[in-house]
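Here come two complexes built around chain A, the first alongside chain B, the second alongside chain C.
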Partner chain A sequence: MHELLLFGQVPRSRHDQVLKILAGVAAMQPQRVIERHIVYKPQREPEEPGSNLRRGGSQGIVQKQTKQNAAKDLYFTQTVQSLAEGNFKSEQNSSVQKPNLKVEGNDSGNKWTFQFHDVPDTGDRGVTVRMTSSTDIVEGDPHAYMVAFGNNYVSEYYLEGHRFVNQNVVILLHRILQEPGPRPIQTSPQKSLPTFNSLKPLDPSGGYVLQASILVQDLGKPAILDQGVEELKRFKDLMKGCVELDVPDRLLLDTRVKYQANPFGVQR
Partner chain B sequence: MTDTGAAPAAASLRPWPTEDPSAEDMQLQLRRLYQQRGHFRHITEEGLEEEIKAADYGSGDVMEGVEEDTTPSEPTEKERRAEIMAAKAQMQQFIGTALNETMIALDFISLLLTKDSPHTAETTMSPMLKQSGVPKGSLGFDKWPISEADDEVKRKEELVAKGWRMKGLESAADNILQAATRLETEVRKETKYWEQVLSIAEKGWSVRRITRQGHRPTLGVQFGFSEASDYFKGRGLAPLRMNNDGAIILDAELTQRPKSVRVRVMEDGNITGTSKIASIDNALQPSIEDLIRRARDSLFEEELYHEMALETRTLLSYDVKIRNSVIHFPAPISDDPSSPGRTLLIDIVSIDEVQPETDSHTSDGLAQNVAEVLRVLLSHAHRERLSRRSRIPPPLSENRPQNPSPPILRSLLYYFQSSKAINSIRNYFLRTRKTLMSAGLHVSFKLSFDSTLSSISKIIKESEQSGTENSALLDQLVRLLLTPVQTTATLSLPSSVANPTLQEELNVSLRTSMAAPIYGTEYTLTVPHSSVKSLYSDKDSKRTSSFKSFSELTSFIDLVISIDLTHSLIAGEFKSWQRVDRMPELSKGRVGVDPGLGIKMENGDLTLSGTAPATKTIWNGAGGKKTLREIVRAFTVDG
Partner chain C sequence: MQAATNASSPEDIKALEQTRLRLQAVVKSLGQLQHDLAHHETLPSWPSLQKSSALLIRTISSLLSTTETHSKFLHSAHAYPLPTFPGRSQAGLLDFLLRKKHEPSVEDWIIEGLKAAAEFCDASEIEGMGVRVGERKEKRGLDEEDITELWEWAGPAENDIARRVLTAGEHTSDEEDDEDEEDDDEDADQNATKDTQMTGADVPGKQPAVPEPPPLPLATILRFMTTGSVPLFADPQRQNREQMAAIRAMSAQREGEAAAVRAGIATQGQ
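For the complex of A and B:
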């Protein structure tokens, strides 16, 4: 599955106005979205870029020149939990709430999703195109699953905002929230959620990001892709003067784990 | 200087007087000057001054001039030179100007002359003029005498001017007055228009700008439903244009005759009930809000009918058909063939039409309820559409999502089908019970409905509290009512009543669904263990069987009851009888030779027939007959 994306910035002061405009554009009420993202990094270290791991001369045997295997990239992945404001610890009642980490029976309120985003494609179509994969986790402990797959917990953040759907365009007006203060070193996600009001936006000015996206099943069908790109551009034109939607630098959306020379090979 | 002092010609640097006959070309002049005086650097001011003096006073005055010359302080060489240079530059400038002006004058004259003698004039034209593209002969000249106007004419002219000015002022005043009146009417017009628009907006209608390709944007009122299907969505918008006196021009959409869906109940060819049709408020001059409301209602009804008409195409297999724009919708009360056939007739009529009086009003309530349900279902479909639209769309792919028409008649069909099945099974069991009672056999019958129906308010409250579903209460209610429910009917077997330890029951559960995989009603019959033994072999443990048709079900239940009566009840109480396998018959020895006894349950009648001696008794629910046990006892004793 591929995702066509455009991003725009909305200052905090204009958030309410833009929210109203979007409600008019999409002809629907905003849907509250609160997500908890937990970022994982593979345990294995990425290989040194450019090394072919076959140093030294060959023995003169004329081999069929096999394709040089480039160093395989490793990617950050994340699990996402959909939340509602009620899931957070309430201000007055600070008693320890039951840990929310496990997916419970039919509790559809706390569903987890495994998400992977590739680096956006090169090539300029006027929108960002990237491969994306999203798998719903129906039951079990997502953290244990991720660790068993050879991942390390890195950090977590919260996403707060509103979603609209305009035909095929999914519009997400959101901002990233974090727990304030220095992050304690830990190897697993927090067992209980903090209070919602204690979360501080990552952008200190409190600005919002407008993300417009269209999912495309298959890039192999140019007509379908063009249709998606057209629709997204039409939406961009529609929003002109309200929010300027643009394509960010593709490397800003890079999810690859960078190679760091680590001579001592110390495992993190 | 001395060699040129006697020269008679005097050079002047001023433009030559035009009347001077000796006017010559400046070029010639300069050349002559050069010839006379030599190079310009030899001409000095002193020399020229001397020369002028000599010309004025004659040669004798030379000494005087010399004396005078010595008196003023001699300027230094350098200053002198600068002075001369400045003078020279000025002179050259003058010469240039003069030359230019003459050339222009020459060109002008030449151009003027091109009208009369083009060839001659062309020789004197400068190349610049030739190239400039001014057409030849484009200038002309004439001569006329300048005459002094006399006083009379002057006075007249003055009068005319004054009159003209007065007239101008007068018309200006008129114009301003006219503009003022026009402005006033405009203001009145606009006020009236905006007052009306405001009153529409205040009533809660959404007024918005309509931009259409190639039209000026106008204001429009949206009265349609935002989730209506495309065609009706487009119609739900009427422009509010202004007419000459500021009133709103009523759009064709608003002035159409309002329509309404009408439901009639037909039983055996007679109309027995009609739904109420919204009465039109008989205002001769309905206000614009009334018209909008009327248009909205009418649009909703039209959409309802449109969607239903489309839906009939998929429901032909259920005998839903459309004839002469009337939807015929079968709604039988029960499966019993003796019950009257009932059909709902659904059509759309104009509200202001006079409806023919129907023969009877017995089913008015039903017709009205159906009409209300259809409307609820359409608005439910609208909201379902919104919630479907609000979900994250599936990724773009080649298989386009199809947009099926909302299930309105299908939902209604579900209700009638379900109620028909429940009615049928209830009627059947009641009748069977009555028959068995008349034969002296006491059985009990129970009908239990699905638990979701009884706890409907609880379920809704729970989903409201959990907060996951953000849909309206009505939608949840409709959704709950539309989910297929299971109804269970239970009849205790006659044999189990006699033997209370063996509580054996026939259990029929009904599931109705208008979608895959049932497409109708499914009856699942569960028979007790004792009957399984007599019906099938001892080893067979199959206890449930499904039926798609009601008659199949009843004939099977009849058989089960008959077998239960013979095999369990009679054979249990009267030991001399032996069971005939899988048949509701008993015999005292060989079948067909020795006295036999058969029980048959059919169409609600219980028949006991005996052979040798032949005897037959029928119970059909009417009282006053001997009980089954009495007859069997008598027969057993006789036999």
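For the complex of A and C:
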């Protein structure tokens, strides 16, 4: 599955207005979206770029190995849980630190999805094109699954917003929420959800991000891709003057794990 | 064709002919739709899909009404092949004509359709084919009457709404006139507030006491969404600005010190 994307920013003061405009454009009521994203990083550190070229002598056989050992990229991945406001801890018993027994994954109402986004394609089509894959996790503990696959928990955040669908364009007006306070060092996601109102937006101004996307099954058919790009650009033109949609730098959406030089050789 | 009895009246033949025409139309529109769906790289647009499905439904319903009017004859009609029929070369067609029951796959379709209908339909007369039509699942909220009622209500109601929307610009009655004016006033007020908010002009009392912090750059948000951590240097420009400010502060401090020293020298000189 491939995704065509455009992004725009909406200041908080204009959020309600934009929400109404989008409702008019899409001719539908906004659909509430709350998602919990847990970001994972592979346990293995990426190799130094080019390190495989330097090692070894000048024997011919090394050349062969170099080809095989071409450094494979490691990627950040996410598990996503779709939530409703009712899933969060209610205000009343927030003072009582009662462990929430709703272990993720066991409740069929809390759906988990494994998501992977590739680095956006090179080439300027006027929209961001990237490969995505998302797999529903039907049962079991998603965190244990991710760890068993050699991933480390990085952090989690909440995505809150509204979704619209206009023809083939999926419009998501959202912002990122985080738990307040300094982030504690932990290796597994929180077992229980905080209260919804205690979450603080990542952006201190409380601004929203408008994401317009079209899903394309197969990039093999250029006609379909062109049609998708065309439609997304039409939507961009439609929103001109309301929200400026644009293509972000492709490396901003880079999910590859970067090599970090570690001069002291300390294993982190 | 060898269909019908020898004593077929011209009316019966006419009925057969009509049925044949209708069937042909159905086959043609089905084929057209299938072709559109399968052979075009991009899906046909919604309106054209809807148009062809409406066309299909119309041809099917005209076929149904034709078979209904001639149902008595069609039920009693049987195919008797004449000796001159090329039975060897057209064995398949002969089989097809003489077969009294449905093909197994067709039977499956019928059962499927009846099952789908059974979920909201109460009519027990289409029982048979192994589907218990009368027993519909309790979970399904709407039955036949509910749906009929809903659509009987929804059609006119939707018309009303549409008329109100379409004629919003025209003034049909005095009452609406007044309402419109009020709306306009409100709109104007809202626009005014929005404008001020958008231009950032200070309106005492309306603006929040604390000014909004500048929005986080989109880049930071996207980076956070992909890697789960805030990048170290979110904004190089801001970093530069802070650096410049620090340098300026430092030079100001030095100047101050130098001035103090100079002043000290001056006082010593006196």
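The working rule: the second predicted complex is superposed on the first by the 232 of 268 C-alpha atoms of A that agree within 3 Å, B and C clash if a C-alpha of one lies under 4 Å from a C-alpha of the other, contacts with A are read in each partner's own complex, and residues count from 1 in each chain.
As a convention for this text, a contact is a pair of C-beta atoms (placed from the backbone, for glycine too) under 8 Å apart; a residue touches a chain by one contact, two chains touch by 3 or more.
Everything quoted here is computed from the prediction, not taken from an experiment.
Annotation for the three-chain superposition on chain A: chain B and chain C clash. Looking at the shared chain after the overlay, A:D249 reaches chain C, while chain B stays out of its contact range.
Using the contact criterion defined above for the overlaid structures, shared-chain residue A:K111 touches neither chain B nor chain C, since it reaches no partner.
Once the two complexes are laid over each other on the shared chain, residue contacts for A:R130 go to neither chain B nor chain C. In the superposed model, A:L215 makes contact with chain B only, not with chain C. In the superposed model, A:M1 lies in contact with chain B only, and not with chain C. More residues of chain A are touched by C (comparison of chain B with chain C).
In the superposition on chain A, contact of A:K89 is made with neither chain B nor chain C. In the superposed model, A:I224 makes contact with both chain B and chain C. Of the two partner chains, chain B is the only one touched by A:N168; chain C is not. Chain C is struck by only one stretch of chain B after the chain A overlay, and of the options 26-34, 188-196, 260-268 or 386-394 that stretch is 188-196. Once the two complexes are overlaid on chain A, the chain A residues touched by chain B in the first and by chain C in the second are 221, 224, 227.
Considering their complex, residues 226, 386, 389-398, 466-468, 470 of chain B touch chain A. Residues 41-42, 194, 197-198, 212-216, 218-219, 221-230 of chain C are the ones that touch chain A when the two sit in their complex. Note for the complex: chain A touches chain C at residues 7, 9, 11-14, 17, 37, 39, 41, 76, 78, 117, 154-157, 176, 202-207, 209, 221, 223-224, 227, 248-249, 252-255.
Residues 1-2, 27-28, 31, 84, 86, 108-109, 163, 165, 167-168, 170, 214-218, 221, 224, 227-228 of chain A touch chain B in their complex.
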